């Protein structure tokens, strides 16, 4: 008998209804990155064993706003853009695993379900949010990328504003920041269906871009505000010292990752 | 060292940011159910082995609209209702496993992220949708439950209307329908992070309400329209013969389920 | 030649596309009202001449959350509930005009365009917002109306939370509050299309319900928080002294009002 | 006594809460225009006297998708982009008034309340919609403007898809189309508050851009689908013959218009 098909749920007779196709996934997007230092203890408390804090600049945090268009290999989503466009805000720290430095997304909010689904596969701890960031434009009042250009960015969830930033670009930059510059080390976990049954899935995985292209990066400074909320802990990563802010346009392909280890989180949920 | 906490992602120092708390989960809601018969082959093609079609009335389908308020044991979500209120449309068929009849949700759309997260645990194949259903009200033009009362219900996703129904109540009913009246048999699946690696999680689980209370049910008839869409297969479950429609208010507690079997779907994704 | 038709824009060959039908408009809804006293000067500064503050309790304010289903005379919107359901938060004070007391809505947020359109006709100064309020329910964790029942309510706009309340009901009440209990005195204004041209429309109008029915009211107390925002002045109406809170279900018909005076605001915009 | 201030509602002590500031309004945006011919009678039936059909190509229609960032003179909205970014789909025909040709927007959907408010001033018959259009991007899978580039665009309202287009660019173009190339002739109307009282505001106004800059235009062809809906008449403007499609980036300033005539629509609403 033919079996239901589809890379992701729901699985159906044709597979067409799958919320997302199999990788590779392709992305065009603008990244606005704000890097700063917080109390290193606030970073450490987010790192489960066997991940460890990095020795160099252990309190460095990146808050990144991204404005994406994405698709699978068929690229059909690009022509029905409600299926390709989404925005996200994500918070990245660094950690060390077996002597190697990884980036790690500790918080992330997106505004589409297909992005939630991809995040489940990639180990991003996604929630829904409302995300906005200024777009560059060659005409009218919106900024042209360059010295003095200003970009605003905001994040809200559950009808509360959680973060906002205003970035002023100052000069060309070699990079778009150093905190989100390593392969990602993420957990994929799901509790067992039986109460008290521990974890049904418990993996530490690594992944990064299969290919990456980027335009000129610009560096500047940011005003960043983080707001407390009953259901969030982002504001614990308080800003102690600004580092820099960056704006850059990128093209990315993501095509799978590597299992680092499995079943080592213990049964505690 | 203290470890990050939280029943669901993200896991943090206090656990407060977890998208959902551990079960039990409590629900108050209104259910509008439309039952009909489709081609039994359209049901069968949605059932992966070892699930089998039921012998009796194998083409029966239920399309259910629900208007929920839900919370964890703390009940705090009820007082910040953006965190407790959500709506969903779900499509249920029946199947047989080891000689026992189960209900199975083959499609479901919800409008909040916490509902997506619960569905991942429970094996519901949730996507995002925009869901509306008429609410009863004791004053003004909205319907009072009873003979002749009419309720409308609609579902859209990705900016396309996928289903709509108008239900007219006729008489009191012993039940709220027979298709969604069994324990649920669901799959929980996640592809491996490594390309071609098969499934990292592959479970068949069963679950049902830990407790259930319900008000008087009303039965009537429905006009039901299902619309085709490039990313959906709901319309394949075409209406061949109406059965009945039902309206009922319920209170439900969900508190975990049972693993039926694991790792038997094969490596195909 | 036949002319385009429609009570509201857009006007078309059949009139079917009109955003709203002509009155009467019918409403079923739940009202959660929080009354308190602010600095009377904060109320007075919102009253344009010839409106004057009331002598008795001039600092009284009502913040009201409403969960509506509404329709025109055809009632067709009720069966396509995306067109009938909306929520709103509105802020009411009292004023005096020619010796008579009126209620006046000074701020209001709604979540549907048809509600914006009705407000333009009725003189409500509507903006878009995200509004939530706990609904009563006979089963499960949601409250049953009665002593001790608790309702939460929130308002956000432009991704910022502007107000939130938690109301605890204590006892039956004769009324649902006194601030929003008078006919409404509202302005309808539109600047001239020519720069510096003053006002093209400048009316003071009165209106009230053409008919009104209501269920038992309950009175209790509220915790109310108002939050500042760059584009709002709601928080200027700071809470000095709580009065009471009320919950009630109502049915309302609105069917036009009365022109009190026209063209007296002066040309200042 | 100081009077409440604000160019638009609500009017307050400081004027800060006004939904929109006084013009001028500044815009940066991308325009995707699809021009075609329909039955000229379908255009004529949308033109109230004294507007008349144009003699040359009277069935020409433009359906335009726009992706905007906008602000007032302070430009503060650009740094809180939830207040500056919006999208719209609008439908334009041409008409003749006193021997001069005007463009006229007959249908328009937007996704923000500040855009609704501006439209009231400018005579655009705005409703709410969900609008998406592909954005150009220099990296990754999104299109680079140029020959062969493909853009998708969709419109939905009340949870129904109303229009969709796929545009393929072919060659540079002198213009971005001819249908929306004239000053706009719009009505501003509001029924009287008293039932049967005719119109309180009834103006025919003209307006156009106070300044306009644009990048290179590209011309190509479009597949355009218009879908029927119970509350819309867009699909009456059926596609008889495609003309062309255009993509262009623009900067615009709008700063008021001219009253053509007033009170000539008759009292019929």
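Residue numbering begins at 1 within each chain, and the chains themselves are lettered A, B, C and D in the order written.
Keep this in mind: contacts are C-beta pairs under 8 Å (C-beta built on N, C-alpha and C of every residue); 3 or more make two chains touch, one makes a residue touch a chain.
This structure is a prediction, so every number in the text was calculated from the model and none was measured.
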Mutual neighbours - chains that touch subunit A and subunit D alike = B, C
Note = Averaging C-alpha coordinates per chain, one finds the centres of subunit B and subunit D separated by a number of Å equal to 40
Ask   = When the C-alpha atoms of subunit A and subunit B are each averaged to a single point, how far apart are the two points in Å?
value = 29
Task = Please report how many Å separate the Cα centroid of subunit B from that of subunit C, as a whole number.
result = 35
Key: Junction residues of subunit A, two or more chains touched   = 80, 82, 130, 132, 154, 159
Ask   = Drawing the touching chains as a network, do you get a line, a ring, a star, a complete graph or other?
value = complete
Inquiry  = Which stretch or stretches of subunit A touch subunit D in the complex?
reply    = 26-29, 69-71, 75, 78-82, 84-85, 130, 132-135, 137-143, 150-154, 164, 166, 213-215, 249-252
Key: Touching residues (chain side subunit C, partner subunit A) in the complex   = 130, 132, 154, 156, 159-161
Key: Complex contacts: residues of subunit B adjacent to subunit A   = 1-4, 7-14, 16-17, 19, 22-23, 42, 44-49, 76, 80, 82-83, 106-108, 112-113, 116, 120-123, 125-128, 158-159, 187-195, 197, 200-201, 203, 205, 207, 230-234, 236, 255-259, 268-269
